[in-house]
Every structure is written in C-alpha cells, then in structure tokens.
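There are structures below to look over.
Presented sequentially are two complexes of chain A, the first with chain B as partner and the second with chain C.
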Partner chain A sequence: MRPPMSQRLLALALVLPALLTILLFFVAPLGASVTGAFSLDGDFTLSNFGKSFELYSSDILFTLCIAGLSTGVIGALAVSIGGYLTLGENPLAVAVLRWLYRWPLFIPFIVVGQILRTFLARNGLMNNILIAGGLLTPLQTTSFLDWRGIVIAFVWKQTPFVALLVAGAMASVDRGTLEAARNLGASRLRILLEILLPQVYTTLAVGLILSFVTMMSVLSVPLMINAQSPTMLTADIAFRINAYGDYGVANALGLISLLMTAGAAAIYLRHAARERAR
Partner chain B sequence: MKIALKAVLMLGAMSLPAPAAELTVITAGDQNMVDYVNQYLGPMFEKENPGDTVRAVGTGPGDAGSQKILERFEAQKGNDSFDTDVAVVHEKFVGPMLKESLLKDYRRDIPTGDLVTSDKARMALGTDVDGYVMPMFSSQTAIAYNPDLVPNPPKTYAEIADWAKEHPGQFGYNGIKGGASGVSFVMGWIYAFGEGDAKTLMNGPFEESETRKWDKALASLKDFNTSATLTPGNAGTLDMLSRGEIAMGPVWVDMFYSWQADGKLPPGFKLVLPAPGMPGQPMHYVIPAKAAHPDLAEKFVALATSPKVQAEGIVKRFNWYPGIDADKVKAELDEKTWNKLFIDVTPEDLARNGKPFPIAPYNNAILEAYERQVAN
Partner chain C sequence: MSDPAFLQIRDLTVGYGGNRVLDALSLEVCEGEFVALLGASGCGKTTLLRTIAGFADPSEGEVVLAGSDITRRPPDRRGMALVFQSYALWPHMTVAQTIGYGLKLRRVAKPEIARRVAEMQALLGLEGLQERKPAQLSGGQRQRVALGRALAIEPQVLLLDEPLSNLDARVRLTLRHEIRALQSRLGITAVHVTHDREEAMVMADRIVLIDRGRIAQAGTPDRVYNHPASAFVAAFMGAENVLELRGTVTGQDVHLAAGAANAPAAVPVHGRNLTSGRFEARFRSEAAVLLPADAAPVDGALDLVGVVRTVSYPGGLWRHLVVIGDRDIHVDAAVAHPPGTPVTVRVPSSALFLFDAAPTASPPPSSP
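Showing the complex of A and B:
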C-alpha cells in the first residue's frame, strides 16, 4: 500500500534541507570547478590542461608516487600494529603499544609539518641525536626535507588511522580460527598473513583509500617540508591561485588529482564487486 | 537668572570641541601592521587630536590583503563617502586603484609630502602614482651570510653564481613557491643575466617579445640550482642559515634584523645587497577619493610619515627601511639604531642596488618561465 500523500510530502520535506545543502555546498562548487577547468575567458578550451601537463607533469607523477608509496608503507605498518595488538603475547608491550599508537591521530597535519621541519633538517634533532649517539659523523648527515620528509610525515600521521580500523576488524575476527592455527603449529607471522589479513582485507582497503585521498589533499605538509620542484599538486594549485590568480589551471590540476583519487576508488570498488560475486 | 543660564549654555556650546570623529585605517599585511596602528600610531594620533579615535582593520597578509582593499573600494565606488579614511596597500595595487579613480591626490597637501624624493613615491610598478601615495616603509631583500664561512661575500650576482659552484649546497633559497624572498632572488637573476633591459621590466611597457630574452638566464639558473639548496620558505632560509646548513641565502632585511634581535640568528651574521640589484617593495598610505574624514586622514598620514614616527616606529620598532628619505630620518635616531639598519647595506647601496619588482605582466611571465624552464 502506498503511504498517503501528506506522509510522502513530509518525507520529502525532511530530506530537502540535507539535499539542498549537498547541492548548494558540494555539487555546485564541484561543478563550477570542473567547468572552470575547461574555460578561459569564458570560452571552452583545453589549454588549462595543456599548461597543467606542460608545467606540472613531473609534479603529477611525483604526487602519485609519494601518495602511493606512503599508502604502501602505511598499510604494512598498520597491519603490523594491528597484528601485534591481536596476536602479541606480552601483555605489557600490547598495552603500551595500544596506548601509544593512536597519538598522531590527534595532531593536525600542519603541526606534523612543523615538527618534522626542524626534526628532519640536516642539523636537526634527529641527526643531532644520531651524531651524539655516535652513529653518524657530522659530515655524513643529510637533510630529509625532500620527498622522504613528505613520506615520513604522511606515514606518521596516517598509520594510526588505518591501524585503528584494522585493529578493530582484527579484534572481531573469530579467535577460534586463530587458536586452531596456533594449535596446528603455525607461526604468528603466518597466522597474521594467511588467516587474519584475508579476513580484514576489506577494512584495510577502505582505510588505505581514505588515507590516499586525505594525503592527496594535504597542502600544509608539502609547503612546510618541500615546496620546491618536484612538489605535490596541492602546492602547485595554491601557487597558481596566489601568484597568478589563475583559477583555470588550478581547477584543471584539481580535476587531475580528483581523477587520481577516483582511480584509487575505482580499483577498490571493482575488487569489492569481485569479492561479492564470489 | 535667565540670562545667566543662557550665558552658561552659550559658553558650554562654544567650549565644546569639534564633533569627535572615528578615523578608519584599513591595512593589508600581517597582524604586526594592525598592531602598529592600534598600539603605536593610533594612541599618538588620539593624543594629538583629543576626542577623535582611530580604528584599525586588517585585511590579511600578502597581495590577497591588498586585493581585498581594492575590491572594497570598487564596491563603494557609487557611494557618497567611503567607509575608509586611510588605507595601507602593496604598491602593486595602487595602479589598479588609480585606474578607477578611487584615490585622492594628496601628497602635496601634507607637510611631509616633500620629505620623500625617491622614485618609489612617483612610480608604482609602471604606473605614475605621483601625488597619490606616501610610502609607509620599504622592505628590501638582500643576501644574508655567515661571515665565519664566507669571509669575502660575493658582491654581484655573477660572483654569487661562481661562489655557489665552488661551494655546492652552501647557497640556499626558497624557489618561487615558498615566499617572496626566493621570488626576489629570481627577479634579480633576470635583471642581472636576462638579455633584455631590466629597466623595461621594472617600468614597462609590456611587450611579448621581451619575454623571449630570458632563455639563457633561466638555463644558467637551472644549472645554478643543481649546486644550490632549496629551502622551505622565507623563514626556512633563515632557519637553515642559523643551523649552519647553508652559508648564504636571500632574505627580507626586516625579517633578518627581527630574527637577530630575538636571538633566533647569531649576532654576527651579515647582509650584502649584490649588484646589479635585488627587488624590494614599499607599502603605501593612500586616501580614498571619497574618504569620510579627508582632513583627519591627511593629518594622520602626515603624522605617520613625520621623521620622528618614521624613526621610532618604522626603523626602530620594525627594522623596516623608512618610507621617506633616509637622511631626513637619520637626525631622529641614535647612532646605534641607525648603524644597525645601515651598516651592512648602506644608504648608497640601497639607492644603487635596491630595485623595484618587475611590473605585473613581466612578473607573472618570469614566474611561469621559471616553472617551465627551471623547475620542470
């Protein structure tokens, strides 16, 4: 039976504010940004993309590599942390790790950039500690304020987020399967890789894709650590607007990074669909 | 009795001061600009003009701050009077404001108008602004160096290039995406090594053909970059200098002195302004064409550009170069303060090697050429 007219109207009225908010504050600006990428002085053009690729192709590649590499390292670390929290045998170590690993979650990216900027410099805290510890001589030190600095910042900040999701998923895995494997003599590493990981794979993928998208949009870290060339696309977008007032190329670069994140999401969706079909 | 009352009333009315006015000063730049008006200039002005008050509004740092002021004026173009009496803007925005007749020609009406004779009060990046501006201060970029590592600092761009080759990694600058000190170094490089005439770049007119004369300069800059260190930002260059990671790099002079005063840079570090010159820029006091209190506004700018205020406020407090002529300010300062500002970069150096930035279209063209040919 269809609900009466008044109820349907009420439902519509309830949805309307949310719908309008999305249309007004998300779809409209996105649409304007997309159309802006294809327009120059009001005419349709591809020149914004031409310029984007001409000037920033190495930055596009750089961004993809940095975000991809960071995602990989974050995944490995998150699985290790989650694995130890689930399978660890020393209760004290597990408690300490559980307490410690979440801290970076609460620290904004800009602060991470600020901390690492002095920590990773050639004569910064890290190298000074290594020198004081006799591990390096002053002449051997190098600055990490380049692509490595960005990767370190991203990994440090995003690992807890993914680890939190993964550890939660691992905790809900049926302990019986783990105990059974242990009884049959499987090592903890093997249990992690062959029993735990396949069961939390979806959660891990979601966490990593969300991290990838987040990292693609961070401006403060590349600005604080490495705004030279090559640099992340976000720094280029900011520069196009601040230095030239050129929203066309900035929009084009934005669309390019949107395509990259959409690519990551598509890979995940296809995989998820295949999983469901099985 | 009635007469006595009337007399008292009359007397009261006569002794009343002129109606109190609120002078609105709107300024681009960092918070320190707002503080400068609120904490220093405002109280001084209020003391000299009892009853009147000064209200300072900041519009934010960088060009974006001045852009907001321009848009604010444009929006009020049709009004009988503007909500602003005095504005402080970057020189780049005076031209666009003049083009729309938003400003008042006032310099010759105020007593301090004659105290500035330099070109910067006449031309602003290619636009004739004579009469419409009073410079508040000038900021200048220069090369900072560590005398322990560089006993004989290079005096020209060519010497800098050679020095950097001989000392790989020891020269640091922040590229063009990390702040204006790096941009300034690049502009100076084009002035020095570009095949066109630097004067055309600074004064216009813009011609497409000029932009093709930089290929060699940019190729040599790309080569230079292989032996230079790229730093993260204006502050990043100073940071690396203070940690001893680089020995030399372009900085804003006022920032350099402020850091030194705060103990963030060793006291021995020095500055040199290499030939043929590096850019700096003034910030200007302008009065809108339809200011609500034009007379008070002129009084305010006259006070702000008086030798005493320029000495105390601009030079001593903020380490900026004075807006009015330096020799007019010198008499107001003790030897120590004066020396601090001018010992490394003398007034003569400043006159010879302190250059303006290129006019906007060349500025953008050079930045984009850098992106295309150096950074890519």
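Showing the complex of A and C:
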C-alpha cells in the first residue's frame, strides 16, 4: 500500500535539508569543476586535457607510482602491526606497540612534512645519526628529499590509520579459527597470511583505498619534501592556479586524479562483488 | 589399551590471575580410550582440555604423552587435534581446503591430500560438498567438517571441546554415535569435554567428573552412575532427591534410625566409607517405588511415608511430587496417584546412595 500523499511530502521535507546541502556544496562545485575542465573561454574543448598530458604526463605517472607504492608499503606494515597485536605472545611488546603505533594519527600532514624535511635532508638528523654511528661517512650521505621522502612521509602518516582498522577487524575474528590452525601445526606467519588476513581482507581493502584517496589529495608533503620535478599532481594543480590562474588545466588535472582514485575504488568493488558471488 | 599411561596428567595446576582453575589434578588416559570430562560450567574441564592442547600454561605439574614431557611444547607440535564448540571453521576456505589444511602444513603431496580428503568426506558423509564454504553448510555438516579437519592429520589424541552443544537435539544424537564409532574404528585416544551427562554416558569408556578444579570421581559410566563417590557426583548423575537420615554403621550394615517420615531400615554398606551419625541420602526419581501407605515393610529397602502433592505426565512414567516430612521429592510411577494420596516411597538399597552429612553444624556423632 502506498503511503498517503501528506506523508510522502513530509518524508521529502525531512530529507530536503540534507539533499540541498549535498547538491549545493558538493554536486554543484564538482559539476562546475568537471565542466570547467572541458571549457576554454566558454567553448567546449579537450585542449585542457591535451595540455595536461603534454606537460604533466610524467607527473601523472609519478603520482600513480608514489601513491601505489605507498599503499603497498602501508598495507604490508598495517598487516604486520595488526598481526603482531593479535598473535603476539609477548604481552609487554604487544602493549608497547599498541600504545605507540597510533601516534602519527594525530599529527597533521604539514607537520609530518616539516618533521621529515629536517630528518631526511642531506645534513639532517637521520644522516647525522648514521654518521655518528659509524655507518656512513659524510661523503656517502644523500638527501632523501625526493620521491623516497614522499613515500616515507605517506607511510609514516597513513600506516597507523590502516593498522587501526585492520587491528580492530583482526581482534573481532573468532580466536578459535586461529587456534584451530595453530593446533594443526601452522606457524604464526602462516596463520597471519592464510587464516587471519583473508578474514579481514575487506577491511584492509577499505582502509587502503581511503588511504590512497587521502594521499592523492595531499599538497603539503610534495611541496615540502619534493620541491623538484617530477612531482605529484596536487602540486601541479596548485601551481597552475597560483602562477597562471589557469583553472581549465587545473580542473583537467583534478579530473584525472579523480579518475585514478575512482579506478582504485572500482577495482575493489569488482573484486568484492566477485568474492560475494563465490 | 596396552600402554597404561599413554597420556598422563600429573599434579596439574592452572590459574588465571589469582583464580585457581585446576588444582593439582592428575589423570591417566590409556591408548585408544574415550574419556569424557564431565562437569558444570566453570568447573575447569575446558581449561584441562586446553592445557592438554597447549593453549593454557600450567603453573605446576606436567603433561606426558607417550612417555615424553610435552608440558612446555607449543600447541602446533603436540600431535593433537582439537575440535571446537564453535566449530572454528575458516569462512574463506572450502570443505576440501579445510580438511586438507593440516596435510598441506605437513607438506603432503597434492594427490595424496586429495585422496585423504575424499576419504574423510566419505567417512563423514560429506560427499559432494568439497567446494562448499562454511556459510553454505548446516550445523551438523559444519561440525563434521571440523571433525574431518582434526582427523585428517591422524592425531595421536583427539580433543573434543563440547563439539555437540551447538547442534539441535536430533543431529546431536546422531553425531554422538558417529563420533564414538569413528573413534573406535580409528583407534584414536579421545578426550571429550561435555556438561551433558547422557552424552558422556553413551560415548565414553570412562567418565571423569570434575568439580572445582579437582576430579570428583573417575570410572566407567556404570560405576559412576551406580556407585557415586560423593553427594556431588550422585547429584550430578541425576540422584536429585535428597533426605537427611541418622544411623549407625555395624559391620556390613547401616542401620537407619526411624525418623519422622521413615521407618527403621538396615541396608548393606556396599563398601562405602561411612561413619555413624547423620547421613545425606540421595536417590533417583525412577529408582523409587510408589506403594500404598499401608504396604508391609521388606528387608533391604528404605520406606518413606508421605503424601502426593502434584502429579504430571512428562511421557513414559507419571511424575509425582511427594511431600516427605519437610522435604519434597520426585518419584516416577507407571500409574498415577492422585494428589492427596498417602503413599509409601520404597527405595531399594542398591539405589539408595548414602554419604556422611557435611560436617557444618553437625552434632557430635552418637556412639554405636
């Protein structure tokens, strides 16, 4: 039975504020940005994309590689941390790790960039420690303020977030399933990879995709750590707008990042759907 | 059962925090024997099983398997297989992968794994389900898969932690017999934890009754059922009717003094360690006989006088609630006696379990 007209109007009135907020502050700006990517002086054109690929194709590739590599390293570290928190048998080590690993969560990206800039520079703290420890001579030192610095910053900042999600999911796995494997003779590494990880795979994937999207949108880290070319798309977008007021190319680059993150989400959704169908 | 001490548990003490769960418990299990650990929740039976499996650390005592001390050996190197109450199946693995996992860990060749998995499936009635995942199986099938996973590695000892308690009644009855039949066919030593008396009775060669971290009694089902060693064991094994009697022990007989609701009687001691004075008497509702109030007394039985208060029919026999002095007892009979009927409840000496009454507030025992 259909509800009476007055009730349907009431329902519409109830969702209207939320709907308007989304339309006004999210859909409209996104739409303007998308159409802006396809227009030059009011005409429809693909020239913004042509220029983007001509000038920035190495940066697009660089961005994809940096975000992809960081995501991989974050995943490996988050699984290791979550695995140790779940399977570790030294209560003190588990307690210390549980207390320590979340700290970077509360530090903003710009501060991470700042900290690592002084840490990773050629005459920075890391190299000074290595020299003091006799592991390097001053001549052998190199600066890590390039792509490696960005990856280190992203991993440092995002691992706790994914580890938090993964550790939570791991803690809610039936311990009997872990004990059953142990009982049959499985080592802890095998239990982590073959029993625990498959049961938290969805959570890990969600955490990694959210991290991937976050990293794609960080401007401060590439600006502070990697002030050279190639760099990440966020730096290029800021440069197009600040230096040239070129919103067309900036919008096109934005749309390209959006397609990259959407691609990551699509891969995950397809995989999840296949898992469910099995 | 050639080796009398295949699995030995010696003075095992296990505690969590300040709470002592097992208290210097010792137990020996013969090779090929099926032992049921029976007790109420929290008595320590699951802790004992987990300690044998290596998942709980004893503070004292040792676990010895086939002559070697395995007390500190990690759970993955004990040659034991544990079947969990929650099944603990892996949601991402198929039936075949699950049953074959232990063999894969042992680096058994793939064709051999496939052969053994098929064999297990046939043994457990899981044919055709090899590609299913746990979510696509019924409760009984899940527990069979868990059993197959445990049996596939041909463990020296099979440990069963209330494996049937999550199943519905009919499946439980079938699986009881299946597990027992499999165990005797494969000749595996099995330790089975349960709180279900009947399950322990029908499955086990020997029942070990555990009470507050200690063994209350260990013996064959028949022995534990008919010769309970303590009031606790009698109560747990279903002798719920309880009375307090006084009497004196002379030679091979116990002379029960007449009380407000009972005639004097003489019953054999049956090798029990009794001291004259107050006794706690226990018997099962189906072991007593309901007779007319004026029934003539006989030798070797205790007669109690009382009045029927209620009668109900749970099936098979009529269940009477009879008031005996200040106590209510249950008595089953083939014919119903209406409420208000004065009756004699006759308890044969073989069904009457006598124990020294608990020493709390006990008056000095009268000398014989």
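Here is the rule we use: the second predicted complex is superposed on the first by the 278 of 278 C-alpha atoms of A that agree within 3 Å, B and C clash if a C-alpha of one lies under 4 Å from a C-alpha of the other, contacts with A are read in each partner's own complex, and residues count from 1 in each chain.
Criterion: a residue touches a chain if its C-beta (ideal position, glycine included) is under 8 Å from a C-beta of that chain, and two chains touch if they have at least 3 such contacts.
Just so it is clear, the structure is predicted and the values come from calculations on it, not from any experiment.
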item: First, second, both or neither for A:118, with chain B first and chain C second; value: first
item: Touching partner for A:195 - first (chain B), second (chain C), both, neither; value: second
item: Partner chain in contact with A:186 - chain B first, chain C second, else both or neither; value: second
item: Touched partner set for A:177, first chain B, second chain C, both or neither; value: second
item: Chain A residues touched by each partner, larger count belonging to chain B or chain C; value: B
item: Interface residues of chain A shared between complexes with chain B and chain C; value: none
item: Residue ranges of chain B in contact with chain A within the complex; value: 62-64, 174-178, 229-230, 232-233, 236, 239-240, 243-245, 364, 367-368, 371-372, 374-376
item: Touch list for chain A against partner chain B, complex; value: 54-55, 57-58, 117-118, 121-124, 143, 145, 223-231, 235-236, 239, 242-244
item: Partner chain A, residues of chain C touching it in the complex; value: 53, 55, 74-77, 80-82, 84, 86-92, 101-102, 105-106, 133, 146, 149, 153
item: Chain C-facing residues of chain A, complex; value: 174, 176-177, 179-187, 190, 195, 198-199, 201, 278
